[in-house]
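Take a look at the structure set out below.
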Amino acid sequence: MTTYPPFGAGLWNFAAYVDRYATDGYDTPRSTLDQIRLAGEVGELSYVDINYPFTPGVTLDDVRAALAAEGLQCIGLTPDIYLRPHAKGAFTNPDPARRASARAIMDGAADAVRALGARYVKIWPGQDGFDYPFQAAYADLSRLAIEGMRDLAQAHPDLKFVIEYKPREPRTHMFWGSAAKTILGIQRMGVDNVGVLLDFGHALFGGESPAESAQLLIDHGLLWGMDVNDNFRGWDDDMMTGSLHWVETLEFFHTLRQNGWEGVWQLDQFPFREESVENAKLSIRFLKAVYRALDLLDESALAAAQANQDALAALRIVQNALFTAGLED
Amino acid sequence: MTTYPPFGAGLWNFAAYVDRYATDGYDTPRSTLDQIRLAGEVGELSYVDINYPFTPGVTLDDVRAALAAEGLQCIGLTPDIYLRPHAKGAFTNPDPARRASARAIMDGAADAVRALGARYVKIWPGQDGFDYPFQAAYADLSRLAIEGMRDLAQAHPDLKFVIEYKPREPRTHMFWGSAAKTILGIQRMGVDNVGVLLDFGHALFGGESPAESAQLLIDHGLLWGMDVNDNFRGWDDDMMTGSLHWVETLEFFHTLRQNGWEGVWQLDQFPFREESVENAKLSIRFLKAVYRALDLLDESALAAAQANQDALAALRIVQNALFTAGLED
Amino acid sequence: MTTYPPFGAGLWNFAAYVDRYATDGYDTPRSTLDQIRLAGEVGELSYVDINYPFTPGVTLDDVRAALAAEGLQCIGLTPDIYLRPHAKGAFTNPDPARRASARAIMDGAADAVRALGARYVKIWPGQDGFDYPFQAAYADLSRLAIEGMRDLAQAHPDLKFVIEYKPREPRTHMFWGSAAKTILGIQRMGVDNVGVLLDFGHALFGGESPAESAQLLIDHGLLWGMDVNDNFRGWDDDMMTGSLHWVETLEFFHTLRQNGWEGVWQLDQFPFREESVENAKLSIRFLKAVYRALDLLDESALAAAQANQDALAALRIVQNALFTAGLED
Amino acid sequence: MTTYPPFGAGLWNFAAYVDRYATDGYDTPRSTLDQIRLAGEVGELSYVDINYPFTPGVTLDDVRAALAAEGLQCIGLTPDIYLRPHAKGAFTNPDPARRASARAIMDGAADAVRALGARYVKIWPGQDGFDYPFQAAYADLSRLAIEGMRDLAQAHPDLKFVIEYKPREPRTHMFWGSAAKTILGIQRMGVDNVGVLLDFGHALFGGESPAESAQLLIDHGLLWGMDVNDNFRGWDDDMMTGSLHWVETLEFFHTLRQNGWEGVWQLDQFPFREESVENAKLSIRFLKAVYRALDLLDESALAAAQANQDALAALRIVQNALFTAGLED
């Protein structure tokens, strides 16, 4: 029987969502604890990434107990630095007071990481960037983004931080917008406790090959986390993995395996109109099939095909694996 | 002195917004009446398109009085058929009860159109469509969309309805997704009181030439309303007109003028992080410059250039107009 | 053993290509007869769609003999109305002499269709459209496109014509740019011998759901031909089917089956740097797997899922089929 | 009277083009000398970037004489490393013999740079990359690209080299695909004679803000050249500057001015169906208007707006400048 890698999910996979049209929300809001219970229901998850602060009234002890009850561990915390006070940026907000308030939230998340024994603080500075041409002075924007992140990392030398890049949304241009630009920024920080979390769909959305970006990050020693989902390439749709891009999903995990990358296979999906537990279950069923397909790949033939950049030979091998991977349930 | 066309705006130009990240909203919510007051502050608007139902506690009489106080007229009402109950569709919801509840809201909007002496009910069925491959049976989807719209139109033969198409968002695929597909659907309805509202940014987003789509709609007698904004072509950013695409905006209005289209020049913008009154003021300042540039276009030379499809000659003429249009204030 | 549908390919699948960079071509040019021999080598093809005129020196009798030798039939002819003389359009060229010369080529293709017993003349007016804003007067463009096509169809009432739409390339905007716009244009022609050939990749590129567009065309009685390939959604890459979009390819063929559409499964691919026979073989191997997956789909469960627009249930069924379809060779 | 910056153009602005459809070319091929004569006709150009090798029969002395006759200087040479022999790559070709033949062309270009007193060899490795998932081993691809470029630079320590990045075309994924990835690659080379040429349209196409990318390159000391054009953001259309994106073009040049960047304002446009001299003339007319608009920008007010990231204030200032820039002829 196959031994699978550990699976994880952002806890927001189990939240209710709102957008600019359904302003009343796609479902009744759920507390952090409700979300943990749903994550537990999936029955396949070992890790969750948790938004910080928790929903009102939920304490660290509550979270610790709920995780234990569901047999889950916290892999990281994601500070909410993209709400109204930071609508014009967290690190790159033009107002120093806003930068300070964002920093306070992140410091709180750092404490929670320690308290929960998690692996990292995940920084997703979605509001850092700009919307219009001429809105920002780019040299200043860059300086604020990099210095702010360096200060945070230096204030918590015992912890790891991962930046999750994305080309855009909610700003029309996010500062941390691509794998390469994020590596450049981290290099300029001159710290050793900041890495990258690669979101498969963000890479697709940005026109990257997710597998190539994974390799680039690994080459720079910076691929410290990842999550998957799917989209139509033109937006961060956060759809279910396995709904659209099978070959590229397989290729992404193949690159990780080739490099001996051993981490948690995480989900970052927004099932706006779908039942969230089934959404995660079906996702993991697909990921297990991908994992079995990796075992079935004729690696030496594939290496030979790639040495010649022979796309047809490579794809024949890939189809051989995917079409025979079968299903467990 | 130039006499400009009447200007208008969707009242949501003056609302506060939420999205899936800033779930606490980019500003404090504003009532319908607050929004009307802000629209009045712009000092350039003659018309507003109003969301229906109004915000809680606001009556038809309140709205009528507020409009009068600001010297505004209601051009149309936009029923809120994209909130939680209709997250899987209004006309195309698989649940007949949801279709009925959406219909009830639209009937209410129809009554309000009569009461306010507006021109049309504007239908924006943003949740009608699908997200995933294999999610919907397309023949059924199409039947529901077209029959539902026909039933609505036939129930209110004294009123006009306009459909605002958009390729996607909040669904990954909206049913009323392009100018041509909307014309086809309207033809199948066999009614004469349904037309189209063309949103400049939706056309851009869909890979259309907004001017060409305007012509297509006019050729079919269906361009009954329009609004403008701007975006980066890959999403419905609802940015300020004049921020990105000057030439295509001018071309759009030129097509309207050539066809003798005389309607309201409306704004449909979402100033998430901007001051909404200034956002509208600056937009109209730009539209006035566009209007003056239309007056400056050497129409006979342009017609000659277009008869040869001579892009360079045409663009020289266009630049002559835009670079000399000047500014009024 | 499974009985598969007939397979076909545009003969250009076996040509050598050029682009604006590799102006010396990606391979040595091949004659029409060379291309037919390569098509025969695939061993799986029953039909080819042939560019007209044939390469220099090749006669109708040569082609007839070569087809017979390879056991191939001609499904249609594609007139070359996108070369230098028609760089500014075939039907919509501003110069009447150019329109006439394009028409002469198409009349020649019509004769060849008769002579070869093919099913249709395939019209791909790739140069009909525009590049720049303000370049074309859209009402004129539309009139020329529609009247020209009507005249052609009326001149050959014994034949069928299919229009292959595409959003862009080589113009930045093609006139026949979407399924819906093409239907609208055909309706205005008022003839009954013009239909549509849907290219899977063109639909993807245009932001359409290929399956939904197939249904739309079938609903209008106009889906008269189709071909498949794959791309990254942002361009007409004409890559090998099965390289990227498995689920949407399956959905496309599922829609055809549901509607009892029985035609040739054709390839339209440009293997710039790949060996063309193996490219076609691997494509058909994938299409056979898709065909078997269609047989494995739990249709009643799928219908139930779609009646509720339950994406997760539908995708579980789809994965059940694709992961167990296996491979024949 | 305004003193403008020096203008330049890639010599291919004056060539005839071919693409995968108009395989007979959009015009009669032109020799290097013909192209130089057309560049001279523009009357506004000081520099040209010349493809190397020259067209058959044209010698270095011929070129030197033709340039002198037209009052032009050679700013750089662009080796043709994207023709048939290098269809699967120049630096990253899997075949060492192909890598060597590409290198030989580049060495030839280096000699020509010395002979013509040009500033740099411009490397546009358009075929370096991949088309399909699983086609390439990304670590190998990256190693070949970077080591090959380093070897070239080290072999010519007296010369400068600039890499022109682009996200894709003719490959579906180019290795040197973004500003940030190119900087990263150059850093790994460890040489000081390799920089970047930023093409405005390539940045747009890649979802970058051209101005932000310019700043990023300047921050790393690597913006050694640039050229402009325009496109619809979804492809490298190489259209005339000033046809679509006025505000972003102004912003790009504003960023250069703010940083004291003093170089040649170059054109990289492909007038497939347009008259090439007029195409360049109209482009430069637009660039002069942009230059005058830069002089009109209220820089202190703009700096204040940007310090607050106040998009509306910034855009008001920008419109003030552009609408009053006027035209010289």
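For the reader, a short list of remarks on this structure follows.
All chains are identified by letter, namely A, B, C and D, in their written order; residue positions are counted from 1 within each chain.
By our rule, a residue touches a chain if its C-beta (ideal position, glycine included) is under 8 Å from a C-beta of that chain, and two chains touch if they have at least 3 such contacts.
Remember, predicted model here, so these are calculated numbers, not experimental data.
Graph distance from subunit B to subunit C, where chains that touch are one step apart, equals 1.
Should one ask which of A-B and A-D has more C-beta pairs in contact, the pair is A-D.
Rounded to a whole number, the gap between the C-alpha centres of subunit B and subunit D is 39 angstrom. Taking each chain's centre as the average of its CA atoms, subunit A and subunit D sit 35 Å apart. Touching of two or more other chains is recorded for residues 88, 131-133, 168, 207, 232, 234, 240, 243-244, 247-248, 273, 311, 315 of subunit D. Every residue of subunit A that touches subunit D in the complex is listed here, in rising order: 88-89, 94, 130-142, 167-168, 173, 177-181, 183-184, 187, 206-207, 209, 211-212, 215-216, 219-220, 247-248, 251, 254-255, 302-303, 305-311, 314-315, 317-318. On the subunit B side of its complex with subunit D, the touching residues are 207, 232-234, 240, 242-248, 273-275, 278-279, 282, 285-286, 289, 311-312, 315-316, 319-320, 322-327. Put simply, subunit C touches subunit D in their complex at residues 17-27, 82-84, 87-88, 126-127, 131-133, 168-170, 172, 232, 234-235, 237, 239-240, 243-244, 270, 272-273.
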